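Below are two complexes that have subunit A in common, paired first with subunit B and then with subunit C.
Right after this comes the complex of A and B.
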């Protein structure tokens, strides 16, 4: 690999990082409050689909992004209603979301665009700049900004303290006068909204159209990045860069070198790193203590 | 005198149908300590959780300064100056004390700029000081409780609810608490004080109300006019007799022996020699935090043993699994670590039984039968075998824990504060069970922060101080004074 090729792979990696990073950072916020959402894959798909639909319908990429955000927030609200208020099983709710989104968007392609595979190209693609001949979305620098904001929110604000309190010890949080339900609801919706933006990025920005099941596991990769990060937004960003680079490297080997055999290790290495990281006991100790557990008062 | 708060005709039926309160009224007056007494499961904690806005009453009303008030949650109560100190501290363990204080102040509406000043004032009133930068998790329970009281008073509480505050305190710490309450009274706070320990009532209460099965059986008594026996009778009806040991003397068989044991947990303990024989109760006295936890852990096998030997019923340095399988039992001091609170009562019994007897096929009917046996024999009050253990009152959880161990008819029992949080009658009852176990030939090691309990039951009393055994006294010579001297480290 020449230095130029390496640099190009790096840029591609950053483009690939955005979806995973936004999703993972959002999930860090939700999980710090004690709510796990394994329906991220479904949120990515549903918001990607709606973003393309809105973009084409209005001719505005901004409408596409807003539609993605709204879809994410709405699904987050639904998940919170089940997980926080109805005290349902969070894993089952997430699985349901994934299945429903996979079926719903596939049907949506057929219903709206009349075929079984993909949408037409979007009418309006967000502005971007060029690095080494590669299109780079403004979402790349924006993702770093979001990371700093999310870190600040969790580590430097009272709201962040409340989120951590309800995620680690909801009973004590309750006794401190914090509404466990409302705090969890807010964190879950915020987290899902970020995944919604990530979904919109994936379709209207990164690819320029919607393709059947296009999220291809990125929602689960984001979950891996959350574990990798030790429930820290900056760690999640770092993890997403690693996954993004793995993605770019495997793309490099399949498309430029034409060797898909060499591509597999690069897709696999980030997972091995994640496994190693989460199997360290010190790592597991960082998990929010009430993660996945509904809070019952009486 | 006008009460600050008044609860009127409170009825509480929990979602699973338990009628915990059946028309209870209670008034709290400024500058007065109102003790609320009652047997385990009488409804004391439930009443206070309602006053604190944590749960809602099914019926009845709440008056603040004579006007009806309605709390949608704890935050509303905190805003209106009501503070509750739960039996087990409710501070987020992963945050620092300061962060917990900030969250509470935010709920109470204390501006951040005033925080320091208010805390200083509260320090003066209570005489408490707590390290604000420490992570809550790293602090002993007593310090956590002081932090809670301090921040409540700093936030301008007018009503202070203390639910069995001395459960996790040493006798010295109780004196500190009494002084803080004195300070709070001078500031005009109304205090509700729940306890099972009658001497405490005599020491600090101005009024006494007694609950029994969700009803008031005596209201606003003057504690000076009632003897401890009378109060006890109001709480529980007839008291069972004090347990007596037949003291046939220990047998020959050694059930626990410790030689040159060094173990390390939070601190290091070293025990040169310690033995428990069959038919004997060995008490272990000491100020909490002097190595009891480590020694107990090293006996059962969950604290690493650095050197030396522990032999339990012939098993050398057992793992916890071997410990139980050998026929030994263990009642840990912290029941939240021994019960899975969101699992049912029957399931918890099944776990504890599994520890002793190994895997077996469990069916619902078998579990229900196990529950009926144990609950019947030990008088555990639960809605059904399938009620979550967490829905039992504090005392009934403790009974469940003790019962599950005693039911296995162990040949060696290690019990840590086995009657913590139990009412007077149940305390006597459990102590009676331990006495009977020893009389029937089992060896018992009783670790307790309650000297009366140790003296009442033990054949010999060992005293631990700073991780060392500072002396072993035979029953006749084990007076509070001598034990106290050894606890201070005098050899």
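Right after this comes the complex of A and C.
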């Protein structure tokens, strides 16, 4: 790999990072409040689909992004209703969401665009700039901004303190007068809305169309990034940069060697790194203590 | 709550969820301008035209459903049947190509599934790594390795769209009933689930396993090694899913395609089957047949009514989401009693 190729791979990596980073940072916020959502893959797909639909229908990429955001928030609301208010099982709800979204969006391709595999190109693609001949979305710098905002929100505001309190010790938080339900609802919806924006980015911005099952595991890579980061927004951003680079490297090998199979083993790296990371004691200690557990006032 | 009223309420939950799922299916059909009732009727009677497919899917989903159910008894959530299934299929295919016969491919496929899932159990017990996270990670590691090997080492040079086929000596026989033929995997699955049911209900280990999950602290004070039972429950789960993968490749699909379609989804759909069967090895069987009928049926309605086969996946997804909400159902029954 020449230095120029390496630089190009780096730029491609930043583009690939956005989807993973926004999703992972959103999930950090939700999980810090105690709600785990393994349906991220499903949220990415559903919002990516709706974003393309809205973009083509209105001819505006902004409408596409807003539609993705709305879809993410709506599915987050559904997840929170099940996880927080109905005290259902969060893991099962997430598994179901993934299954339903995989089937539902493929139905959606057929229903709206009349074929089995993909949408036409979007009517309006968000503006972008050029680095080394590669299209770079404004979402790349924006993702770093979101990271700073999310960090500030969790670490420097009272709301962030409340989120962490209900995620670690909901009983004490409740005793202090914090509404466990409302805080978890807000964190879950906010997290899912970020995943919705990530889904919209993936379809209307990164690729320019919707393709069947296009998320290809990125929701799970984001889930890995959350654990890899030790439930920390900036750590999740760092993990997403690493995993995004891995994504770009696979693409590079696919193009150079002309075979995508050669790159497949590299795709396991995020999962292996995450397994190693969470096996270290220091990492697990950072997991929100009430993660995945519904709260019921005695 | 008495046993009878508990069974009644569980049955009500399952039936209500199923009804909602079928209603969603009918709505999807209507959305595609197809007659909803006829579409659903075709879907639910798919065993009439495709008995072999329904039998095979039932067998697979019953085994992967059990792979989710068993660790639940020990208090664990195994999302890894997908990975164990695929690894079992991959190893069985490899062994069949190398040595032929049935013994080695089945034994190695089962062992591989058990080891993979057992690893997640061990990580949980020894290092407190959450088993949901570890099994998801392992699923994806297996998935990419599978796709890699399918497209490289195991590739059929004359048909690069799939792997080499399982040799004749390694294929499980089919059973002829009247004029229809079905794969013998269904017999294996039924026998394994019956053994599992007896094991869980009537043996010391089975009772200890269930007790360890339900009363961890009490079990510990009675000298039960809860950790050991947890690892064992995960290993058994991997064994069941690995067996499913192995007999699927030896008895039915004989090869894996480049996108892994032949071995995809059985693990995740098995979770729905286990939930619907309320984790009981015997009740899982009708749940598996139902899911298999729906999923097979959705491929049938496509050519007839133009409703895409993904309608089946969508229905299953909706059913699983609804099954995640036990509290809501309890709330409903409380309101009704008032």
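The rule we apply is simple: the second predicted complex is superposed on the first by the 291 of 298 C-alpha atoms of A that agree within 3 Å, B and C clash if a C-alpha of one lies under 4 Å from a C-alpha of the other, contacts with A are read in each partner's own complex, and residues count from 1 in each chain.
Here is the rule we go by: a contact is a pair of C-beta atoms (placed from the backbone, for glycine too) under 8 Å apart; a residue touches a chain by one contact, two chains touch by 3 or more.
If you're wondering where the values come from, they're calculated on a predicted model, not measured in any experiment.
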*Using the superposition on subunit A, decide if subunit B and subunit C clash or fit.*
clash
*When the two structures are overlaid on chain A, which partner does A:278 contact: first (subunit B), second (subunit C), both, or neither?*
second
_Quick one: is A:88 in contact with subunit B, with subunit C, with both, or with neither? Answer first, second, both or neither._
second
*If you count the residues of subunit A that each partner touches, which comes out higher, subunit B or subunit C?*
C
*Considering only touches as defined above, state whether A:208 meets subunit B (first), subunit C (second), both or neither.*
neither
*Have a look at where A:121 lands relative to subunit B and subunit C in the superposition and call it first, second, both or neither.*
neither
*Please indicate which partner A:289 is in contact with in the superposed arrangement: first for subunit B, second for subunit C, both, or neither.*
first
*Of the two partner chains, subunit B (first) and subunit C (second), which one does A:107 touch, if any: first, second, both, or neither?*
second
*Please indicate which partner A:178 is in contact with in the superposed arrangement: first for subunit B, second for subunit C, both, or neither.*
first
*asked:* Output check: A:98 vs subunit B and subunit C. Expected answer is one of first, second, both, neither. What do you get?
replied: second
_Tell me which of 165-173, 183-191 or 345-353 in subunit B produces the clash with subunit C after alignment on chain A._
345-353
*Which subunit C residues qualify as touching subunit A in the complex?*
28, 31-32, 77, 79, 123, 127-130, 132-134, 136-138, 140-141, 143-145, 147-148, 151-152, 268-269, 271-272, 275, 308, 310-328, 331
*Please give the residue numbers of subunit B that touch subunit A in the complex, ascending.*
14-15, 52, 54-55, 73-75, 77-79, 84, 86, 89-95, 99-100, 102-104, 106-108, 391
_Using the touch definition from the top, list the residues of subunit A that touch subunit C in their complex._
36, 38, 78, 82, 86-93, 95-104, 106-107, 110-111, 116, 217, 220, 223-224, 227, 259-261, 264-265, 267-268, 271-272, 274-275, 278-279, 281, 284, 287, 292, 294
*Can you list the residues on subunit A that touch subunit B in the complex?*
158, 161-162, 164-165, 168-169, 171-179, 289, 297-298
